[in-house]
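Listed after this line are the structures, all set down as structure tokens.
Two complexes, one shared chain (subunit A), two partners (subunit B, subunit C).
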Partner chain A sequence: MSSFVGAIGDVLSSDAAYISAISFAALLGFGAVGEWVAEKSGTLNISIEAMLLAGAFAAAVGYDLTSNLAVGAVFGIVAGMAVASAQAELSHRLPADQFVVGLALNILVLGLAGFLDGELEPVTRRAPRVEIPLLSDIPLVGDAFFGQPWLLYLVYAFVPMAWWLVYRTRWGLEVRAAGENPQSADVSGIRVNLRRRQSIYVAGLTSGLGGAYLSLALVGSFEDSIVGGRGFIAIAAVIFGGWTLRGTVAGCLLFGSVLSFRLSLPVLGYNLNNELLTSLPFIATIVGMALFAHRVRPPAALARPFIRGLQ
Partner chain B sequence: MTDGLLAGTGVTAPVPAVSLEGITKRFGAIVACDAVDLDLHRGRIHGVLGENGAGKSTLMKMMIGLVFPDDGAIFVDGIRCYITDPQVAAGHGIAMVHQHFSLVDPLTVWENIALGDGGRLDPGDVRERVGEISEHYGLAIDPDARVGDLPAGLRQRVEIIKCLRRDPDILIFDEPTSVLTPEESVQLFDSLRRVVTDEGRAVALVSHKLDEIIQATDDVTIMRQGVVVDRLRTVDADTPMLARSMVGRPVSLRSERAAFGVLDPSVEGPDEPAAPITAEEPVLRVVDAVVHGRHGQASLDGFSLDVRPGEIVGVAGVEDNGQAELADVLSSLVTLQRGHVEVDATTVAAGRPGAMARAGVAVIPADRHDSGIVLDMTVAENLILVDPKRMARAGVLDSDLVRNLALRLIDEFEIQCWGPDAPLWSLSGGNQQRVVLARELSHQPKVLVAAQPTRGLDVGAIEYMTERLRRAAEDGVGVVLISSELEEILDLSHRIVVMSRGRVIGEMGRADVDRDRLALMLGGRAA
Partner chain C sequence: MSDSTKVRSDTADQTQAGVTRASVLPVAEIVTLYAASILAALVVSALLVEITGGSWRTVFSALLDGSIRNPGRWGTTIGTAIPLLLVALGTIVNAKAGLVNIGQEGQLLVGGAFGAYVMIHLDAPGTVVFVALVAAAIVGGAVWAGIAAVLRYWRNVPEVLTTLLLVSVAAQLVGFGFKRESILLAPLPEGSATQVQQTVPVPEGARLSRVTVLGNEFPISAFVALALAAFLAFVLARTVWGFRLRMLGRNPRTAHRAGVSSQRYGIVAMLISGAFAGLAGAFMLTGGDFGSYRFSPNFAVNIGWTGLLVALVARERALFAIVIAFVFAGLRTGSGFLASTGVERRITDVVQALLVLALLVPPAVLFVRERRRAASATRART
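Then we have the complex of A and B:
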């Protein structure tokens, strides 16, 4: 027990622990911000996993071809959007079930990435850190937040942008209406399924970039197990956060920290069973959901397909 | 009758604001509208009268682009238009105040009003415009209130402002008074009259209530089974004649008053108001029930009710004042936060699935498609759905037993279908409702809860339903009739309680009903 308390103390006072916690939280953040927009529109988009993986692989290929991080990031975005287009067009233009489509995409992209990885074998390396002057000098957490590869900083921009988009623009108003009451939105002259498709594309964009961040900045190489279920943790972060953006960010920080224990604890000299550490974030997710899921109100039409004229 | 009181000036513009010619719409084998012609003129309120299912709503939906006609043409100011979606309709100056479907609860008033506009979102500008409109028409509203928190009357106000904001030439109202108190209805028709006479707009008022049509309209078109059967000036019309035209046969307004929404004193009352039931202990007691809704507000807020055997208690009230929650409690669908329910002086564990049914409470749910029946199962299966155990031996259904029960109930309740194996979707609405009724009554219940039992039914089916409820009471069942149709309550009940904001705010015996007092109470004021 005392060693457990000691471990917590060590983690809380270690720069390295903060760095890896924020690194993982950012990965979740990329996925979760897009997922949050998609869920606000009424889609429970479970293909975040596939979007992250496709983005990670495409970014690695793009970087291998050009040795340019920005090009890698663009490749990642394109791949994320490609998965989004399959999800959006199949489930919100054709009447395919959004979960079946998402499940199929997750499995398909996993197989495809494994195969293409063997064929192309993209070579990458970890992106350099970019220190933001002054801010990165903050003791303990400065490097974690402001001494990271520049790809991570994009998530700082995405969060306020997503909030502004959803709460301050007409597009966002229509997205919220589509997620709460698609019949009313339709009656008011809003193209519900168009807004839902667009929201999935937003998820594809942020997750594709999240994938690029994962393979080019967080890990520095690609393998097909690189995402490893973390896309689902990003979805859990949205639910944990009660479909508010603030809560979603808190969920990413919490789950990101737990994810990072697998790296930070051994470094600090605590040798816990590796499999146990790997499963810890999922346990935390389940506990978090059990504690908070009943207190929050999802968008009323979440996961309900909308077909015109059927009321 | 108040004919002439509100009637228009009789000036008719040469070109109608909207003209429908030969509009036809089919849904599968059903013809919802069959070659319908309709002209709406500026400065006039045009009533569209018909029973449920007569095709009025479908016709209106075609005018605003929610449904596209199979045949026929729509002319706006004499020019042919193809109205493919609500935006196109708005472009032609046609707007509709919907009965239920156009507001988004979690959004604020101004956000709802801005929904469907184009261009940049400018909250300040929208709020200002809302202020102008509400002042101009006397429709006061707080633009920053959450729509989900507003009572029905104010929600409708939001709908109307949302419509007027686009400055439409043609306004369509679909059953606008179904969610209003009598007082709010009068207010609504006052502002409608203003919109029409002062500003020369055209209004279509869709209704199945005769009184409303007589009071508020200038012209009336009557539809029956998708066809226009009559059109006339409202000044030339009277209630019996409209009723006959709407149903297609002479009707006795005395006995079918409830079906027509007639409150006219000249066709007053059942032959003798049902005598109050004084005898015996209550068979059902609801004591101080509290239920919280999803947003934490109290849906039932200390509700108490006693029902004696053989008594029909009418629970009156404007919709969304806790009636649905009361029915849910008596269907074991929700758990009480406080209070309890007794059947025959035994407390029943509310909220445990099936507990109420086992205790002898039968329920005819308000939305039979939601909770009463399974459309894809057969008539026989639906008939045993509540308690399949009785039909089974060691968990295996006894098909002979099921079949015999089904045949007996089909015969007894005159359910029109081609047999026990007919899928329920192949039955008409009225017959589906009979299946629910047959199932619930076949358990020899002690208490029968009927929630909006006649909604969506035609006059014949309504007659049958009310007769059955009466007979159940005569057999000693305690009947709780929850209805937002005041006429239905007055027609059937021995005793009337008025529900507002989740509690009973007044009670009166059928014999000493005072309409003014009742109207006040429906508006939420204890009187």
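Then we have the complex of A and C:
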């Protein structure tokens, strides 16, 4: 037990542990911010995993072609949006089941990425770190937050932007109405399924960029297991956070830290059981949801399709 | 609240009127839609093959060779279809109850691990080992799905996510089992230096017997799977239990008023769903078409995922799932013959997922059209 406390102390006082924790939290953040917007509109969008993977692969291809990070990021966004369009059109223009569509998309993109990776074999390398002056000199956490590849900093912009979009614009009001009471929203002239499709596109945008961040900045190469279920953890972070943006960010930080244990604990000389370390994020996610999910209220129409005249 | 209820009942009447008016099935429309969707999925797949420098004709021919044409191949395809069908049957049960279980891959793996554990540690005659193995696998699959079900009703955690997350946990759990000889790992063979992560093989007496038809060999579990499909179709369509389950899935509010406990029926549906996945694992272990009677960390080889796709395509119809299971099994066994064509075998994963997506479209389009017709019919009358 004392060694456990010691380990926590070591992790808390290690620069490297903070860096990898924030790196993983940012990955979850890219997915979770978009997913939060989508869930606010009433869709439980499980194709985040596919969007991240598509973004990661397309960004690797884009970078391989041009050796330009920005082009890679744009490729990632386009791929994320492409997955989003399939999800949005099938489940919220046509009334196909959103989970079925999402699951099929996850499997399709996994297959496509594996197939195309074998054919194209894009070569990438890790993006360089960009230190923000002054801020990155903060002891202990400076490098973790402000000494990262620039792609990561985009997540800092996305969080307030998403908040502003959802809580301070007419569009956001309509999105929330679509998620809480689509029947009333429809009667007041809001195009419920259009708003839901648009919010899925937002998720596609942030997750596509998240994928680009994953393959170009966090890992520096592409393989088809690169996402490996972390998209689902991003979704869980939204639920853990009780559908508030603050809680979602807290969830990303918590689950991101647990994800990073697998890298940071062995470096610090703690040899925990590898299987336990690998499954810990998933177990922590399930426990986290079990502890908090029943205390919060999801958007009332979450995961319920809206078809005029049917409920 | 009363306003919205009124609106709803009005529209419900409209729909009913529309349905009776348009009671003639638009057969031509249905056939065209399905044909076009399947064709689109195949064309996209063919394009992918062509773009990457392959030829779709040779790929198609290789798939046919590997799945049915070459001697003995359709027996192998049947052997592959058995666990796919079982997983799909389980999925149909939870889908009927309105629950989403997408963690069959993990449930199958845990089921297989439970079965393998019993097989290793039970010193008994073959038949007893077989029965205990199957029972343990069923329990294992049910437990793994049960965790998600209990969390769903006890703590409000969406079962969609827990079932998915538990897949990753299952893989690590099994990996842990292979760390120790006391759990799953086979002892190091004499004179061998490298430890392979696998169990000892299932003893001869505990294996499923295999039948040979026209030079094609498959385990007798094929008949069990067929019987279970028929039984399940009957139970769902013709028993009170099946009716209540369907009511729960279609309209939870009605089910609640009719006294159907969503908690009890939901948890049972999830347990059955996991149990089917576990049974699929048991039959894979004892059947001989997978892993030469040994359990190993990558034992599940995507059978859980593919079986789930089978259920999605079959759209909750147990008997139709038999056909789809065979088709998807054919894609799988056929993909083994792709190496000679120079095309990555993972193209078949793409084909499967594209087929699933394409087959989602026709029912959705038909639904929309049906409602439009109904609406215009009501307008014409008033």
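In this section, the second predicted complex is superposed on the first by the 310 of 311 C-alpha atoms of A that agree within 3 Å, B and C clash if a C-alpha of one lies under 4 Å from a C-alpha of the other, contacts with A are read in each partner's own complex, and residues count from 1 in each chain.
Keep in mind that, in the parts below, a residue touches a chain if its C-beta (ideal position, glycine included) is under 8 Å from a C-beta of that chain, and two chains touch if they have at least 3 such contacts.
All values derive from a computational prediction rather than experimental measurement.
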Between subunit B and subunit C, more extensive residue contact with subunit A: C
Contacts of A:183 with subunit B and subunit C, given as first, second, both or neither: both
Contacts of A:21 with subunit B and subunit C, given as first, second, both or neither: neither
Which superposed partner A:170 touches (first subunit B, second subunit C, both, neither): first
Partner chain(s) touched by A:300 [first = subunit B, second = subunit C, both, neither]: first
Touched partner set for A:203, first subunit B, second subunit C, both or neither: neither
Touched partner set for A:95, first subunit B, second subunit C, both or neither: second
Partner chain in contact with A:115 - subunit B first, subunit C second, else both or neither: second
Subunit B versus subunit C as contact partner of A:282, first or second or both or neither: second
Subunit B and subunit C contact sites that coincide on subunit A, given as residue numbers: 183-184, 309, 311
Residue numbers on subunit A that touch subunit C, as the complex places them: 44, 46, 86, 90, 94-97, 99-101, 103-105, 107-108, 110-112, 114-116, 118-119, 183-184, 228-229, 232-233, 235-236, 239, 273-276, 278-279, 282-283, 285-286, 289-291, 293-294, 303, 307, 309-311
Of all residues in subunit B, those that touch subunit A in their complex: 66-67, 85-87, 90, 96, 98, 101-107, 111, 114-121, 162, 294-295
Complex contacts: residues of subunit A adjacent to subunit B: 168-170, 173-174, 176-177, 180-181, 183-190, 297, 300, 309, 311
Interfacial residue positions of subunit C with respect to subunit A in the complex: 4, 7-8, 11-12, 14-15, 48, 52-53, 100, 102, 151, 154-158, 160-162, 164-169, 171-173, 175-176, 179, 305, 308-309, 312, 344, 346-347, 349-350, 352-354, 356-357, 360-361, 363-365, 367-368, 371
